[in-house]
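So that you can tell them apart, the chains are marked A, B, C and D in the order they are listed, and the count of residues begins at 1 in each.
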């Protein structure tokens, strides 16, 4: 994963970015949550700029591999939003999300990712205020947790390997 | 000198899997000798958080050479965690599978790893000193039988657990599947063959080894002899039992030191840590750690086929009992077996005696009508899981798994004392002693001498797969001989 | 033993080496049984510490590329194994990662879930049988009256062979199944191997374990999870559908669904199937799709019945997962 | 094919495609907060980007013309537009680049208005976010492939569910546009709620005369097929070919029935007549109302004992007491929902309803005022008239949380039912007309005679001396027994206009102007996955832009299933739905986005996980080849099967792993060093 080293480059090439800002990737379903995010905009609600939205047609499309990929590539947090149960534009796409994401959350916790970094919420097309509040909450809690910077963490541990690993330092 | 060691010498690294450092004193005699094991994986830690019922499947990955031993120890520990008493059929199946594994495993070791020394000669061409060489010398018939024994052993494993190697079928409460009448029939054939094969192997041993004076002397010679304590599982009659029983320890004279239930292992065995190796050194608490010395005052013990015969008053099966008596008769003059055998190289012989016993015992089991019961191959746990210890005799020594779980059966604590580890201290002793006997001032060490050092620990069939990760037998070995100032005067390598 | 090898075939030089493995891989290569004789007949085994010390030479002394095909099993757990891997890469024309540990870290990679210090404590300081009042731990360098003794340094993370050197082929499995192995070895001997690819998988199926599993899929959703010791599965019916967590769908085939024959669920030793990279998340994606839940409460109930998700979904592949363990923060209780 | 690295799953073309990036200022909406020049400049550094610039209004005609010109001039192969939300203009720009001869799916829409400039205060932060999103879109664009819209042939036929006025209008209009129409009504008679009315505001027409005319117009249309007693029990398929399963309750009566009157007279079984809101009783074999359609009576199987007396009375012909329900399947291209409303049924004791016989609902009053109604149009048998009448408005409408008792759904009815004010005044005036001496008090929250010509009713009522009392919704009127026995009841309320003065009005009759609730169609809602509003009425795609369409393609809304309407509005809505549906059918095919899933059979490992995940049953297994398949016709493009595939063998067009991951990669990549700030 030598390619997943944005932050090394970042601190080197872009001093402005040295002041750390949480990087959060949000996967939103088009029909409810994305429209809900639009609603927040239409209502001119203000929320932090740290959450970048990736649009899919249905939250059922959100492959758990996307969550870990985003974290592995340097995201400090990941959000997954879909229609409320019963509102799915595709009948039951979000039923799959509803079962997958708690499993993802448990696995991430076991893998040592603080629970606050992965958030799964239902946001309807009308809930612009909820979306804004959610982004605000998640950004604040990720900021509290500090940088995750998985690529750096892995390089320290010698992934990808090569010489210059940091072996276990003796007592 | 430290500076010199820093520069990475791939050779050293490459062959560092088992490393022996021999230090010579001023007189050029062997001063001290270290046997290092440079590998650790840490199952004790990363098994925490795993469900206990998975341990029979996880711990088979500790060692690919004797996975059955770990599976059985893990399953027994898990049974204990759930407070399960196995139904007869389940118990029969487990033991039968285990006995058959014993035959296969001992076959592998004797023919592929030990026999070459005896058959080809300790100082023969290394290129010839292997299974292929054996087959060439003894002919395809015996070679064929060796391979057949291994293959039928794996076929048996497949009958039990679907897998030829790395079985998984022992679970808390018994076995994951039962035995059909047809399967039993096939196993009966396999076992019958194994009994014959074990007897043939003993005959072979007599012919090539005992009838040759050179080896008799070698076996009885001082360098390969240590008077240590012996450890092994025995049944109520103090007969050798691989699968179950109590742990018996006898002193160098053969007097019983202690006989304890596996669950109490921690009261009697302690493990010492040395900073220069990743492998621990178990010893007898009652006696205490006196360093790398043998004798009655040193807690160093051995848990090998030889040790198992030492702690037992005999074998529960007729043919094995005969072999047992012949073994002791020959080596101690006392056919009762009350007098322990301390000759390291005799372990190979003891291994063949065990092989015969395992085959005979398997025959008893496979003919037990209860073994094909359609349901009693397992029971479902009902009690709340908590803590348990499981012990079996692995081919390479007493193997103990100790688990503590939460009320859901998720592991909170894991402790493992694996076969080879028991013998770690003794192996160091044997190597040192062998080195002292073959390396002298002015003697030019050659490959043959080196092999004779190696034979000292090969006899233990050291399985660092269990202990760490390396493999039995021909460990890539490097011997560095240094002068009194520590400078390497000679490096030998096989 | 039959006569010399057929003259027309150039004799290959083959090596087998282990790193942080258990020896099961070497055993599985032994499992080819009678073919072993064909192998040594057709090729020079120039390195195989576990069974043969004949022709065991100073590998470092070999010219580069001297070994035609070198199989390496086991993960890279310490500095020594990394050096070995580099050396063998240099000396081998074709380097083959052999078995789950070399390819995906295998079971030992679960150690990456935690830090090294607690691991050393568990092994050397804090267990019922330990006698270590001074809290001694193994060190990379120890002074003895006679001079220093060295040990390789223990890495914080379990690495795959691919993490340290370029790998040409990979033979999955824990261990790889003998027939598969033999077919690969034959291909090697007869030059029938597919074109080199970065870690191209050989000696396995393109299909999943489910495809080779004889058990019937009834396409019913999972209404509750059972642990293997908690119930006796109905014969002939998909274990996953019965609620026994089975990695079959997310696992590359090749083993012949052996564990299923023992009526125990698959644990994923052949690694992710298809082009999935993160076997655990791939399985979660699949599992979450087939739960019998229409309310969040029900979904939560079912999910709560899954014990030890990481230990189950990443049993063999943690080192090749996206996150690789690495214990960032939090207690990581399942 | 999720890759932690940037290596795309789909190999990129040897040369990165030529990408044009258009950043919209949106007349300051965007550019006031976002430094659009900088965003464009940073996008210009992305691989393959040959043009990146900011423009005032990209969606305007000149803006679109510019895009076309650039596509031609610079041979652009991909287009990225950063502007408002894709929900507004994605289609616009797709058409634009289509006109320029570029496949319309080689387009990437970035939302830098609703999700950046309107929500981020800090300009630097907004600019950086916009830049990230635009660069991610440019990266994604490189992975786009040309796609074609799916075209599904559409049957020139429609199913109209609901035989009320809206359903009838919709059916008639569709038929007149040449469509085959099946009109299903689950009751045995057409006409719905309108039939229960007497005269109509604002015209004063007779409801059933109008209805009869409409029914005649409709049933005379040769392409219209009427099915009464028909229940929708299942549906499959999608727009173009909905396959609807119906259960047909037997009428029990056929055209051979000569003297229906005799049959009805002979029936010994009586039951409540729901048509008169339980003010009367009817037989088990019955007519819903005089002149109802179909004209022949029907048997109410719930109360019929199959005693056979009716059969005997008509000489054993024309009545079949043994007939059983049967099921049929209909294939239609589109569906119109006209399932209507129910009047709000007050709770027991609400304003004395159910306790005092003198408390009626407006609907009941209307039945009583109807000369063909249960009382022949007379309020009280003695002909003396009602005396003092109190109307209470907003019963089951405009309710206040915490004051009114919530309904079974746990919600109070906060919405205005819109028809009851005028309806109540209309009834009040009719009372006045018939019983000039009647003294009428009207308790209201607000008088909402909002419709054209409706206000007159209020003015005339005021002239005629109807007394208006504005009550406080937080303290609704109380209906109690009159202790002083001047009249059976007394209504007490705080009069807002006199500063909360407690007023009381003795009443011989209390009329509750009840609101309307959607007719219970929960099965249909789940069958067609209809969106439902907070008020439990069906929810259109957009109240202004697409007012009569459901989000489910091919399903349209007519009348009160969408919300409270008067007949005028319901008919308008029905005609609108009909013309929308007809327009869709007229195209001969429906066009759908091509974002369907496809199984890469070389990767499918045959684990069969996907087979149970698709609610549209678009995923099937090819037993012979041991792989899964996705039917493009049935696939609705949610991508759920994609995430369910543990081998990543399923990909969704427009949302491939490579495309999504390229976005992730770019979003998380180092941000470009800022341009030197011009002095």
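Definition applied: a contact is a pair of C-beta atoms (placed from the backbone, for glycine too) under 8 Å apart; a residue touches a chain by one contact, two chains touch by 3 or more.
The structure presented is a predicted model; accordingly, all values stated were derived computationally and were not measured.
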| item | value |
| --- | --- |
| Chains contacting each of chain B and chain D, listed by label | C |
| Between C-D and B-C, the pair joined by more C-beta contacts | B-C |
| Distance between the centres, which are taken as Cα means, of chain C and chain B, whole angstrom | 25 |
| Cα-centroid distance, chain C relative to chain D, in whole angstrom | 56 |
| Rounded Å distance, chain A centre to chain B centre (Cα mean) | 51 |
| Chain centre separation (chain A, chain D; CA means) in Å | 35 |
| Chain B: positions in contact with at least two other chains | 49 |
| Where chain C touches two or more other chains, by residue | 78, 113, 120, 137, 139, 154, 276-278, 282, 285, 288-289, 308, 311, 322, 333-334 |
| Residue list for chain D, restricted to those that touch at least two other chains | 2-4, 613, 640, 643-644, 648 |
| Chain-level touch network, classified as line, ring, star, complete or other | other |
| Touch relationships between chains, expressed as pairs | A-C, A-D, B-C, C-D |
| Of chain B, residues touching chain C in the complex | 1-2, 5, 8, 10-11, 13-14, 16-17, 21, 23, 31-32, 34, 36, 38-42, 44-51, 53-54, 57-58, 60-65, 67, 78, 82, 108, 112, 125-133, 135-136, 140, 147, 150-151, 154, 161-169, 171-173, 176-177, 265-266, 269-278, 280, 282-283, 285, 289, 378, 380-381, 402, 408-410, 413-415, 417, 463, 465, 469-476, 482, 486, 493-494 |
| Residue numbers on chain A that touch chain C, as the complex places them | 63-65, 67-69, 71-72, 85, 92, 95-104, 106-115, 145, 148, 150, 153-154, 156-163, 165-168, 170-171 |
| Of chain C, residues touching chain B in the complex | 1, 18-28, 30-31, 33-34, 37, 40, 49-56, 58-60, 74, 77-78, 80, 83-84, 87, 106-108, 110-111, 113-114, 118-120, 122-124, 127-132, 136-139, 141-142, 144-152, 154, 174-175, 178, 227-232, 258-264, 267, 307-308, 311-312, 315, 333-334 |
| Footprint of chain A on chain C - complex, ascending | 76, 78-79, 82, 112-113, 116-117, 120, 137, 139-140, 153-157, 159, 163-164, 276-278, 280-282, 284-285, 287-289, 291, 293-296, 299-300, 302-303, 306, 308-311, 313, 321-330, 332-334 |
| Of all residues in chain D, those that touch chain A in their complex | 2-7, 85-87, 111, 113-116, 118-122, 125-126, 128-129, 132-133, 136, 529, 531, 551, 595, 613, 615-616, 636-640, 642-644, 648, 652, 655, 657, 660-661, 663-665, 667-674 |
